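What follows is a single structure, written as structure tokens, with notes after it.
As written, the chain order gives the labels A, B, C, D, E and F, with residue 1 at the start of each chain.
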């Protein structure tokens, strides 16, 4: 076995995963907070007002990172769901299920901030165009996965059923992303590109990217925190979990 | 599987075991339900699974039928590994749920079972119903049968399908004395036909011929 | 009800019968299920209702609890006519359905029963659960108990409520040997306490003390 | 022996049902999700023009809420019937109508209240004018209470049946029609700037009556259909 | 021994399900009644002006039919699961996807077909122009078939749950959205005299895909949720 | 400072967005912690019960 798979196996073993993430999580949250605050300072204080939207555009600094985050969370969930269904790896099941609520939160923030932003810009909270509708469907997909996972008694069976659903729903992700180019919508088209020049001023771009980084770090911190709990629940019969429950081992909050 | 050396001529070649469990264990959320079990069922064997309430009898039968996945160990049917995706005609399960449509009559229920599972040679629905003591109830919707009568319809299904391995979960519950005798007779005939059966029961009833083999399950800790 | 003449001083006054059935008959769509029955249960009586599958045992218990209306005859509880609209604290029914909420724990189920039916003096939920052998299962959702364990929770409920008359439909089914002993002990204690019970069973199990009275039901024609 | 008072029996019912709701708090959100779903489907089917949507928004919100309530209704006694606890409640020596009234109360709290809470969001999505909102909420509170009470009687009647699902809908519909007309009428009047108090008062009067009579009728219906 | 062919196993499933439908033919009318009910509620809630109703009639008919189909969906496997016959089907040696496909077919015949038959009447009640009717019916046939197939996958996933009721609605909604958009879009286009063929062809293509994939996905989902 | 809070007249929109953002993340941070506590309590209860079962059967 090469070192990578070896590492994966080691990290994938529940006690190790629990211990390592326990050490990691505080740092991740701290990093997310720090980077986020810098980004916010850049976005709210340093960046100038937009010539068209005046200061209302500042919603972009949370709306867009959260929108990306929601899509990323779904992809992350679907990848883990695929691994869980094909190779039946316990950690993947847990990671997939842990990313659903976090993704749902970010999607909800996107919807809420988008609606708030829409009021001054479009004159309405909500319209039924493709971008908005498909984003709403994304939220429903997350909620469906969470609901299905919670409604089935046996944890592993629940995880596999919900993973299956999540996998089926992946078709919605490209629809969300490309909806602005496939249909004509009220929502504006792609302005930030990773490859090629962005159509956005750099004084606005760097806070945006910093906040995107911060939300991604937050995502992993939160997913790990949730996974640890699920792991403890799932492995409740094992020695290591009992040691943690009794407090005879470090690593619980 | 290996060819048997013909040194002792009187010994028949060892039969391929119908069911073979090796190190079979099941745990729910990592709490063990039944420990590693090893056992073999040859054609003609009837084994009584014994254990207190909650010792895992029902769970064992579900695992053996493929409805639950064991945590470790393997199950072989006629020498082949059991997976839910690749089932054979070999297993018939009689669970706590009868597997009967309450709105259909006894006869219609049996016809459906035959369609899905096939028909044992020489068997037919009407005689099967008669032999479980339900003559005259063929056209009654199962809903309006009593608890014991429903169980008898489920037993008639076993008689019809060609499965060689019967997994029976508390077949005696809800049956009157003649019903208990009936189950024993059916098991006897099935064994003589070369079938095998795994029966859970609380051990209050013995089989007819000889003492059956027993598979004790320890209670969960 | 009439004053008893004190002619034979050694005889105790005849007790008011707890349950009295006179000419009780039930028919479904004019097909008789059980014939006219006359019987009396005094405090301390335990009666075994015997009959083959489909002879009407379950139906009889439902009629006696007031859940089904008899076609003819009358039922008196402590001398008063039974109607569903005017129930007393006297009857506790243990049916095929356990009457348990699967999403609640054993303890929560018992607390609900106490709230609705009251509490027998000297009884309490935790000791009752312990006495049916479910120590350590108090906080487990009933859903994840085995068939026999669920039955035991239902038995614990009987211990808690102040009903004097127990109607038990196949209490022995699904129980292991220690469970069967348990039911017998519970019935014994209940009888000694001055209660009475009507128990259906297929007669495979005897009660502990002495031979119980039997109430045979003929099979439907 | 401690037989317990009727009040304590009702309290036991309420405590248990709240506990059950809490145990499956996910399920409690279902009616709200369903209503959202109905509301989402309409713009997709009708097209997104705000003016057209605003015209029909009151109707859609009411139909969505009523349908969600109707579907939740089926669970009011069904679970208890299937596991035999309803039998226990019926055999209890306390007045059945009060025990059932307690159940209906918890049912309203756990199904209708979330619906009412989200209804402003639903109305907003359909571009209902903000000024109609208070009337909408009052009308919804009155209507859902009334419908829980009336619906319970119908559920009690259908409990003995194998799969009542849609038959229930048929029984309930005639009872829903007047409620719908008055409640939606009040909102439509408010939207058009007309007086809206009269239909609300009618609903209130009907509610007062139903609060007294419905539990009694429900108990009678249940006794009929459980035997 | 006669093991029987896969074809005969499918025939047995179809025969049994048709027989069951016939035994409770009352229940088979339920979806249609439900749809009628939804359609009746709207004029009550919106007020009876024919023009306004005609504008929204396509939307209402589609939502009514989809909701009715959705509610009927829950029964597709639930009954079989509760009485243990689904276990029997899963344990059968024949390809599960084909057996389930047979079940889906009968389900469509017994729930969606009545809906399609009454849909002209529903449209008429809402003053939909007569000329749109043929498009409506074709769109409904395609949409209901698609939804039965897609819905079956979701139902299969929810089988392991205690009570799926409305959660199912949540799972199914994302799948329904595109179907609804295309089907209602075709009808709206026809009502406005615009070309309507393209969305119908899209639906047809999706249906062809679903006919092949949905039974397989359904079998996989069922295996996950029954074990 | 007031200018900053006013956000060119869009203060209500901008700040409510940021408030929602902060609130959602706060909830997202707290829920796993609460669940962790519950799971550990449950696990302890389960172990205690198991011990009692073992003592009884011994």
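Couple of notes before you dig in:
Rule of thumb we're sticking to: a residue touches a chain if its C-beta (ideal position, glycine included) is under 8 Å from a C-beta of that chain, and two chains touch if they have at least 3 such contacts.
Just so we're clear, the structure is a prediction, and the values are computed from it rather than from any experiment.
Graph distance from chain B to chain C, where chains that touch are one step apart, equals 1. If you compare A-E with C-F, the chain pair joined by more contacting C-beta pairs is A-E. In this assembly, the chain whose C-alpha centre lies farthest from chain E is C. Of all chains, the one whose CA centroid is most distant from that of chain A is C. A separation of 27 Å divides the Cα centre of chain D from that of chain E.
Centre-to-centre separation of chain D and chain F, using mean CA positions: 31 Å.
Separating the CA-averaged centres of chain A and chain C is a span of 57 Å. Taking the mean of the C-alpha atoms as each chain's centre, chain A and chain B sit 49 Å apart. Listed for chain F are residues 50, 53, each touching two or more other chains. Touching two or more other chains at once are residues 102-103, 144 of chain C. Each of residues 24, 26-27, 33, 37, 40, 44, 47, 79, 162 in chain D touches at least two other chains. Taken in their complex, chain D has these residues touching chain A: 26-27, 33, 37, 40, 43-44, 47-48, 50, 124-125, 127. Residue ranges on chain B touching chain A, taken from their complex, read 27-32. Taken in their complex, chain C has these residues touching chain B: 28, 51-55, 58, 96, 144-149, 151-152, 170, 173-180, 202-205. Against chain E, in their complex, chain B makes its touches with residues 65-69, 84-85, 87-89, 91, 93, 95, 97-104, 108, 111-121, 141, 162. Of all the residues in chain F, the ones that touch chain A in their complex are 4, 7-10, 13-14, 16-18, 20-21, 24-25, 27-29, 31-33, 35-37, 39-40, 42-44, 46-47.
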